[in-house]
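Each of the next two complexes has chain A plus one other chain: chain B in the first, chain C in the second.
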Partner chain A sequence: MDIFAQLLVNGLIAGGTYALAAIGYSMVYSILKFINFAHGSIAMVGAYITFFLAIQSLHLPLPAAFFLSMLLTALLGISVERIAYRPLRRAPKLATLTTAIAVSFVLDAAVMILMGADIKTFSLPVMQGYSIGPVLITPVQIIIIGASLLFMLLLYILLTRTKLGKAIRAVADDPSLAEASGINANVVIAAVFGIGSALAAAAGSLIGLDTNLQPTMGFLITIKAFAAVVLGGLGSVYGAIVGGFIIGIVENLGVWVIPPVWKDTIAYGILILVLFVWPAGLFGSVEEAGVLQQ
Partner chain B sequence: MGHKVWKLLVLLVVAVLVAACAPATPTPAPQATQPAAGQVCTVGFINHLTGDAAAYGQSMKKGVELALDKINANGEKIRVIFEDDRLSAADAQTAFLKLVDSDKVPVILGSGSSTVTLSLCPKAEERKVVLISSISTAPALKQCGDYVFSAMASDDAQGPEWAKVAEYLKADEVAVMYLNNDYGIGVKDAFLASYKGKVLIAQPFELGAKDFRTEILKVKATNPKVVFIVDHVAEGSIVIKQAAELGMNVQWVTDVSMVAKEVIDLAGAAAEGIMGLRAGSTQTPEYKEFEAAFQKKFNEPPTIWADFSYDTMMLVAMAIDKYGCNSEGIQKGLMEVSQSYVGPSGPKAFNEYGISQGVYEWMVVKDGKWVLYEKK
Partner chain C sequence: MSEHTGETLLEIRDLVAGYGKIEVLHGISLKVQRGEIVTLVGANGAGKTTTLRSIMGLTDIRAGRIIFDGTDITGWSPHRVAARGIAFVPQERSIFPSLTVYENLEMGAYQLPPGEFAARLEAIYARFPRLKERYRQRAGTLSGGERRMLAIARGLIANPALMLVDEPSLGLAPKVVEAVFENVQGINREGTTILLVEQNARRALAIAHRAYVMELGHIRYEGTGRQLLEDEQVQRLYLGGART
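Up next is the complex of A and B:
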């Protein structure tokens, strides 16, 4: 039982970062109906910006570097959309998808050249976790779970309580109708990329705090976040969050009984099983999922 | 008219059959295109220069560069083309074909990874190109053939050395954590075969993963006092760190791959007190001389495996000196010159499998540095 509680908490830690990364995927999908495969790499860049600001050059306090990185990464996301995706907005979705893969290669290579291929670490002091009942948890892990929940709450407020949020939901619902009612789709799309990228930077930085930085880390984030998004239901932001936590928890519990070589198989196996029963994912609508087949 | 068409058809079919049945003639080894002795010989190098295991590849590149300084001190004799395999067998194949077909190299300083070297070995045998790895240790390399060499002792030796450590620590029961690839399984199996005590659990984990908490909890649940771990720097440092966070208080004993300063950089205070094996000896005059030269050139103490790649390059240079810049000569030369060669990584005599024998030192992390373990 004690071990079960610890496994659950470990799953929450992993799930929190997956969920944060998955939000950006889901938001972009709900607006533009394509999977932004560069999203994991954007998270990786965000992590490196935090590292650069806090450790390598300016020695800013970690929280300052963290928020500045979210801001800079938001700008990066907006630029990527402007340069690489907007010219292709009327092109078949496959073209945008392929471009996204190319963008991820460019970002990975750029970081590798600028920062080096070796592993970087934030060198936070390693400490044994606090005991909360039978569970051990470190301050960094509390921050990971706390920050994940905080950003999700902020996102919820943004989407439901602000004008921008309403505009985003309107464009996601029906782009032409939204534009007819005077909403500037380009501004909304830029905002979505900005918010998604900022959250990706947060996810990347938190993952980096926990398990070091490598230019190749974006791919792993992409794999997990993609599974989370499809599991939760394409286009459903809340579904993506739930999906992220489910995958994190199931992986950690699963490795307890079966060899770790199956870890990613667990995530995708769950995904396939869920899609058998709910083809649109847990919270997605069939219409949204149907878009993939067009 | 019809007769002619038939004749043509028959000819065509015969031609196709002959072409199909003819033994696939491998492109002859490229020695002919390389200049004779006395001129510059181009040599290939494939290693993980980027990616998760870049620390090893970059370090081995430095060892080769240091050796080249010595070899080319009186005019350029050997030029090395450095290629990246990113620890991927597929990338290594591409680099191999590029080096062999386009650059016509007779010898390739092979990858650090056993898995990658094993993936290249059939190609090396087929094309008759010498493939010499500085540090690949999987026992399966013995089956590779005459053109494949390794300058480090096979894991058949590392496992028993671990068993000696266990005996010294009076550990009647231990846990083992191993990387689930050719190298990790090789070391684990060799250890299990020679260790007399009880193995509580042998827990695998995956290359490239980042979250090992469940694996660690499984090991922790068996209450080991001593845990043997065979791993790479990238994953191993995270395992050590996450284990400390999860309150696992054990004596770690690592394989040769983790006795690198990167483990201490990445795992921080959690690395303090861990023990590990180091291949070769840091106490020989050859190593001291190498250490000074390395410090002078790169302004840092020798990085992991640089001594092995240095020796590999020196052996290849000696073989080329003896029989010229062609693969058959280098193959023959390596067997001969290695018998009496002693370098910074120790004596390198290749046995019938083309594999050097080795000695190990016991190391321990003390005050944030790997130092020689003092037996009481």
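Up next is the complex of A and C:
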């Protein structure tokens, strides 16, 4: 039972980072009905920017590097949308999807050239872990779970209390009607890419702190966030958060019964199972699920 | 019926428009004077909805001009058209279903200076008390009639000079239809010019100052509501025969 509690906590920590990554994925899907397969690579770039600012070059304090990385990655996300996706807004979805995969290759290759292909670690000084009952948790892990929850709360406030957040939901509901109501949909779309990319940078940096960094980590984040979004229901931001936590927990509980090297396949397994058995996901609609079957 | 000044608020000249490669409007011209209710009638596929959507900037315009209040708005994006003073109440998908009633109204007032929202909201609630009762409810859970009211309110709250209203009576019970038409007339009396598309041609012609009959992307007839109601050919072709 002690192991169970420890694995559950580990799952919550991983799940928090997946949920953060899944938010941007889900928000972009909900306004553009397009699956941004470059999202994980954006998260990876965010992680490397944090690493570069804090460890490799400027030696900024970690929180400063973290927030600066969120800002820079937001600008990267906005630029990618402007340069690569917007010209294809009216093109078939397959064209945009292919472009997103190309963007992820470009970002992965760029980081590999600039930062090297080897694994990097933040190598933070070892800190005393805390024992809460049978569970051991490190200060870094507490920061990870705290930051995940904080960003989710801020997102909730943005979406329900601010004019921009309501406009984001309005564009997700109906872009033409939103435009006809006086909302500049392009500004809203840019904002969504900015917010989603900033949260992806946070997710990537937190994953980097929890484990390590390598240029190929983006693909794994993409798959896990995608699985979280599908499980939660396409187009539902809150569903994506719940999906992220479920995947993190199932993955970590899974190593109880299967060898740890198979851990990353669990997200694939959940993804395939949901698509076959339950395409609408937890909070999604059947109509949205139909998009995947086209 | 309200007095109108004879000043042209909207003018469409030789408009050719459609969606992508499909041309729906083959060169239509029409005028709306300030203070009028003008209605477009005609069969399905005549191009009535496309005309409204073109004014709003939601179609692909090939040729022609759209002049609103002295400004050429041809090719403007919809949010600019809205900001310039035109509101659009579409036939379907006319509300944001996952937003609350209140949030729908906030979105309708998106371009309004923040200070004016409260006063406009009060005016809207006075006209549609039902919306005040339901302000926290998700719009997607409203009844058909309530949705229609919300759609009209969402357009009206921006205090537009011109409101484009597409098939407001579609799919509603007769009693609700009555209320919708009364509201359209009431809104007009308070100074908003209205361009109305309506399948129920008799009902629309009865409240319109002037009307255009459309057919297959062309304008076939124009006249006052009364003239068209009494015109034998229009009756036979578009109103389902003479009233018995």
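Methods note: the second predicted complex is superposed on the first by the 275 of 294 C-alpha atoms of A that agree within 3 Å, B and C clash if a C-alpha of one lies under 4 Å from a C-alpha of the other, contacts with A are read in each partner's own complex, and residues count from 1 in each chain.
In this section, a contact is a pair of C-beta atoms (placed from the backbone, for glycine too) under 8 Å apart; a residue touches a chain by one contact, two chains touch by 3 or more.
Quick caveat: nothing in here was measured; it's all calculated off a predicted structure.
Student: Report clash or fit for the pair chain B and chain C bound to chain A in the combined superposed model.
Tutor: Taken together on chain A, chain C would fit alongside chain B, as the superposition shows.
Student: A:Leu177 contacts which: chain B (first), chain C (second), both, neither?
Tutor: Second partner only.
Student: Quick check for you: in the superposed arrangement, does A:Lys166 touch first (chain B), second (chain C), both or neither?
Tutor: After superposition on chain A, A:Lys166 lies in contact with chain C alone.
Student: Does the superposition put A:Ala185 against chain B (first), chain C (second), both, or neither?
Tutor: In the superposition, A:Ala185 touches chain C alone.
Student: More residues of chain A in touch with chain C or with chain B?
Tutor: Touching more of chain A: B.
Student: If we overlay the two complexes on their shared chain A, which of chain B and chain C does A:Ile207 touch? Say first, second, both or neither.
Tutor: first
Student: Of the partners chain B and chain C, which touch A:Leu136 in the superposed model: first, second, both, neither?
Tutor: first
Student: For the combined overlay, can you note the least CA distance between chain B and chain C, rounded to whole Å?
Tutor: Nearest C-alpha atoms of the two chains are 38 Å apart.
Student: In the complex formed with chain C, which residues of chain A make contact?
Tutor: 163, 166-167, 169-170, 172-174, 176-185
Student: Please output the residues of chain A touching chain B within their complex, sorted ascending.
Tutor: The contact residues of chain A facing chain B are 3, 6-7, 10, 13-14, 112, 116-119, 121, 123-129, 136, 138, 141, 207, 210-212, 214-217, 220, 251-253, 255-256, 259-261, 263.
Student: Considering only the defined contacts, which chain B positions touch chain A in the complex?
Tutor: 49-52, 54-55, 58, 180, 204-206, 208-211, 213-215, 217-218, 221, 233-234, 237-238, 241, 244-247, 262, 265-270
Student: Using the touch definition from the top, list the residues of chain C that touch chain A in their complex.
Tutor: Interface residues on the chain C side: 56-58, 77-79, 81-83, 87-88, 90, 93-99, 103, 106-108, 110-111, 154, 158.
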